[in-house]
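First subunit A sits with subunit B, and in the next complex the same chain sits with subunit C.
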Partner chain A sequence: MSATALDDGLTPPSAAAPPPSARLRKRGIGRAAAWAFMIAILVISVFPFWWALRTGLSTNGQLFAGEQSLLPVGYTDNNFERVLGTASEEEILESLGRQNTGSFDFLQSLKVSVIVSTAVTIGQVAFSAMAAYAFARLRFRGRDKLFFLFLSGLMIPPIFTLIPNLVLVKNLGWLNSYPGIIAPFFFMTPFAVFFLRQFFLGISREVEEAALLDGAGHFRTFFGIIVPMSAAPLATLSILTYITAWNEFLWPLVVARDPARQPLTVALGQFTAQQPGTSPDWSGLMAGTLLAALPIIVIFLAFGRKVVDSIGFSGIK
Partner chain B sequence: MTSTAAPAQVPRRRSLFGSASLHGGWRSAFWFLLPALVGFVAFYLYPALRGLYISFTDWNLIANRGSWVGTDNYDRLFNDRQVWESLKITFKYTVINIASQTVLAIAIAVLMDRLTKSVTIRGILLLPWLIPNVIVALLWVWMLDGNLGIVNDFLGLFGMDPVRFFTDTGKVIPSLAGINTWRHMGYTALLIFAGLQTIPRSLYEAAAVDGATERQMFRDITIPLLRPILALVLVITIVGSLQVFDTVFVATGGFGGQPGGPANASRVIYLYIYQNAFDFNQLGYAATISVLLVAILLTVTFLQLKLLRAGESDLA
Partner chain C sequence: MATVELEELTKVYPGGVTAVNAMSLSISDGEFVVFVGPSGCGKSTALRMVAGLEEISSGTLRIGDAEMTKVHPRDRDIAMVFQNYALYPHLTVRKNIAYPLKLAKVGKSEMDRRLERTAEVLHLTEFLDRKPAALSGGQRQRVAMGRAIVREPAVFLMDEPLSNLDAKLRVYMRSEISRIQQDLGVTTIYVTHDQVEAMTMGDRVAVLNGGVLQQVDKPSVLYRRPANMFVAGFVGSPAMNLFESTITVGDAGVYVEMGDQQVELPLSFLDDCPALRAHQGERLVCGIRPDDVYDAALAPDLGQRIAANVQLLEELGSEIVAHLDIGVQRVEIGGPTADTDDSEGLGSAFLGRFAQQSDARVGERMEVAVDVSAMHFFDKATGEVIRS
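Moving on, here comes the complex of A and B:
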């Protein structure tokens, strides 16, 4: 029997199987049920995004009237303008149905998110790659012990270092500043070093040794040969690092109390906390939520395959 | 790694950073390691040790200093009923979250393995996991709203009364666990799916020839051979679940509510640590509770790997 026979059917042909017609029917029902389940899961996975978009395009007045159409109720794009700060007084009144109470500077927070995520990604990937190269290729005393120490960093839960890190950042005078938000993630993470070391170990030594014998130093070998050869895993790690940095909440929440230094996650959280319990600004909130998720969705649409392929055990095991 | 001696060479000095010998030694390794080493020492090693020290002090964030109080914080920890209450809530959350998420993820992974290898489908499944917790919390707080939420309208179609997902003390933890099940089921399914690819197809073929049913194959081949990977997935997801914070903080803290509400019914251990540090300004005690949490996380990891014998596969 060929190895592929099983991939396209739930029940492979076998001697002890029931007659073909019954078997085929049973197999057809099984497949249909399986697909129905998968489709339900896929719908559940994307529906909340549609619902946020639909709500963001509705007016609060009509939302509170309890209309539950799958399409926007009282269609308007004022909510998105409100979030971006380009809406006029009348537009605010129309889509919100009342005077604006809480608000936050979306574009400023977007800027903070972009600066922080970009800096973290560049620093973390570059420095982790250099360390990973040393651990994978160079020989020095205590290398394996040091690598093990790095790895043990994976076992430290973030809350444990949160408090001492905050004390340190405060001592440095970095509260409410970019260096304070960026620094703990800038130099390395144990995961990034581990992930890249695994990959570097798999690169053939021959090319590299030829370069070294030609008189290139380790730095030229690293930047001229290793980095270009590792473009794919470096790109994957960069995407994952960027998304992780974008999603970070607890650290910027405690370091950046100043709204002008709050990334989108924190600003949205604070904005939510200011919302009244009765008739909150759902349409504005959903418009802002969707806009804050947009960069991640765009990155994912552009590089989705890399991210999907990276989910496995190469990095964990 | 080979242990052959480096070939004898003429000493060369072409690089600014150390000799061009094949293996360099500390001189060349130093520059490669320096930035990562600075980061590791400053933001992992030193804070870990300092955190332990702070747990023995009455550290105050406003003054940013504290003095040694011996084991006072630890005595307090064992007499603080709130800590144990928070741990109970956290465990309840973890059990509900992990059970629903793992069952769904196994189902998705097994079906995907049989039905499709489509990258688009895997991408859609992964999307919720990539979205920030804060945003996921907001999407669901809106959909689960007691008055206007679409989910209650949906339940109404089946004649069910509206559920107060976030304002009922008995519902808030299952609601939060459900939100994170939505966020993590696809990611977990992809991990398990990757594990399924390691099971040799020939085993299923042989079983099919012997007349085994789908259910028998799942029970006798898939589950035993998946066990090492399932063990790792469970370690990762349980350790993550025990550290839930963002979702709770945002979902219960908005719209006039208190984080951890209603009536502290969702005050998970991470939130209790946060409150001690930042609302009650007792960093020393907060550090003490985190020491307890680290101990719990390490114990859970160790026990799980031991119980599930993660290292060995049944594939003999």
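Moving on, here comes the complex of A and C:
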């Protein structure tokens, strides 16, 4: 019987597939390679943060003596105190090894960053959502052409609009003010409108028609039905917008020369510029940078999953 | 509760496509009317025009005594149940049902009274605090019904509300909707593509095809006296046997050609169908329902006999659907037939519905009895029935 089967060109099961142990070994190697790759990516991603923390916890004067060390050199937490403005002159001298040449009001800049990022996020998400709903659902002549035109704004590099915006803000008398820093980002961005429009298009039209028949107008349908149904993408957009606004550097640098109106990104830049070229305050800079990134790290840790999911959802990877 | 009058209602889309063409229909107070037809026949568009969700291109719509042609949907005093239920996913069942009352600023005590009554009628009391995602398909469907009922509207509109349910639940919900409609006595327009739903639920059924209302009448009348070939072929499952034929009027009777055989109708048939005489000798379309085709061995005293080859037998338990070859070619009605129609597949098949005791065998030649008094004749060119 088996001879007949072989004669017919059939092969015994053992020859057709590798034995289970070989398969397991192959799978094990694959797994190990995947883990090694993931660990490498993790180290590459996390190492800069660790290096910043290690430098921030080191005594600035001893940094070059122990530059090979992965651990803090001459451990001190004075740098963080200096950045927060709570260190005494003696502590500054001890950690820096010289007089403090650069300084910035961390808490004031933190306040500016929070106000600007919060205002931009609220404005941008609210206006983008309304615009996106209009582009997704309202029927008016030239809607799709207008949307295409609007979307083409995505292609314009931000640097192109920098000077016109600056002239406008200057003429409005908004230099060194919150409105001046916030205005260009307050209303909407083509990306935010596009992102939300795609989601709104996916909402069943029948739900809106049901609301219409139940007696709701466009505004009530939007705020009472559509917005609550879109909580997830709105939250995601809020997080992405907040992070982008928090990290914005160029515009506030141009528009806010007054240290009292400088967000953390600009203030840290100024702090670096104040250091003597021969012995920059790396420890203070790293401590300030870490503190500035802390709110965003917290937000990302809390809502990271949502952001990743929604980036996948919107197809922008 | 109210009457609904559609006068020459027409919908032409911007591209020039006419979805509904001059549809006129008068619906009585408390009546349950079903719009049925194949996909794309305009039944949903007609319903949406009544709802105000589609602009009416021309014609007049009246609900009760008021003209509603251009009135905003929320002011038409109608409630609609959608195919995918259209529930608000972020609201509980209670809030979903109460939503229209909240918008209408109904007082709390009145709102609670109506909510409780609605939940009771629909057996939803225990689910009031759940969200739609935590409900089964049937329960969601009942919540959608509840949102319509609670408003106590003049007219219910239902757009294929059962099409997302499985077959068993659909049968159950069919009877539930009929029961609720009878209890409330609200004028109802119900859209479906399922003719079984249409026939079992509607006081009257309006059959549409290509945007044109073909016939509107009681289900039994549609079944027994179809106005044209489309209605004859669409209504009923399995579909009516339609085949080309020629008639000859003789001294003793009317002879109908069936392939190379012929059956004889009594002359009295012409009393009910006098126009048939004028079509003598012409090619016309003859129709006979499978219900009127019997296994001759089980119906010794019934109908005219013809010989047939058995091609296929579908045993349904209580009956057998026999696919027979009697030498005629089926005439198709053009549009797709209902989902439950199982007559497709054998182009030449002539269907008979035999009692379960039939001894018919595939491949054998047998004698079948045709109840000729139930025959229909249609003008081949216009498709209209030839009657009076």
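Here is the rule we use: the second predicted complex is superposed on the first by the 272 of 317 C-alpha atoms of A that agree within 3 Å, B and C clash if a C-alpha of one lies under 4 Å from a C-alpha of the other, contacts with A are read in each partner's own complex, and residues count from 1 in each chain.
One rule holds in what follows: a residue touches a chain if its C-beta (ideal position, glycine included) is under 8 Å from a C-beta of that chain, and two chains touch if they have at least 3 such contacts.
Treat the numbers as computed from the prediction; the structure is a model and nothing was measured.
Student: Classify the contacts of A:210 with the two partner chains as first (subunit B alone), second (subunit C alone), both, or neither.
Tutor: second
Student: Of the partners subunit B and subunit C, which touch A:107 in the superposed model: first, second, both, neither?
Tutor: neither
Student: Between subunit B and subunit C, point out the one touching more subunit A residues.
Tutor: Comparing touch counts on subunit A for subunit B and subunit C gives B.
Student: Could you look at A:225 and tell me whether it touches subunit B, subunit C, both or neither (first, second, both, neither)?
Tutor: Only subunit C; A:225 stays clear of subunit B.
Student: Which residues of subunit A are in contact with subunit B in one complex and with subunit C in the other?
Tutor: 209, 212-213, 215-216, 220
Student: Under the touch definition given earlier, write down the residues of subunit C that touch subunit A in their complex.
Tutor: Spelled out, the residues of subunit C in touch with subunit A are 51-53, 73-74, 78-80, 82-84, 86-90, 99-100, 103-104, 147, 151.
Student: Give the list of subunit A residues in touch with subunit B in this complex.
Tutor: Where subunit A meets subunit B, its residues are 1, 3, 5-7, 10-12, 14-17, 30-31, 34-35, 37-38, 41-42, 44-46, 48-49, 51-52, 55, 63-64, 66, 68, 123, 126-128, 130-131, 133-134, 138-141, 143, 146, 149-150, 153, 155-168, 170-171, 183-184, 186-188, 190, 193, 209, 212-213, 215-220, 222, 243, 246-247, 249-250, 254, 264-266, 268-269, 272-273, 275-278, 280, 282, 285-286, 289, 292-293, 296-297, 300, 304-305, 307-309, 311-313, 316-317.
Student: Taking the touch rule as given, give the residues of subunit B at its contact with subunit A in the complex, in rising order.
Tutor: Contacts found on subunit B: 9, 12, 14-18, 20, 22-26, 28-29, 31-33, 35-40, 42-48, 50-51, 54, 59, 61, 64, 104, 107-108, 111-112, 114-116, 119, 121-128, 130-135, 138-143, 145, 148, 150, 153, 182, 185-187, 190-191, 194-195, 201-202, 204-205, 208-211, 214, 229, 232, 236, 239, 243, 245-246, 249-250, 253-257, 270, 273-274, 277-278, 283, 286-287, 290-291, 293-294, 297-298, 301.
Student: Over in the complex, which subunit A residues touch subunit C? Could you list them?
Tutor: Touch list, subunit A to subunit C: 204, 206-207, 209-216, 220, 225, 228-229, 231.
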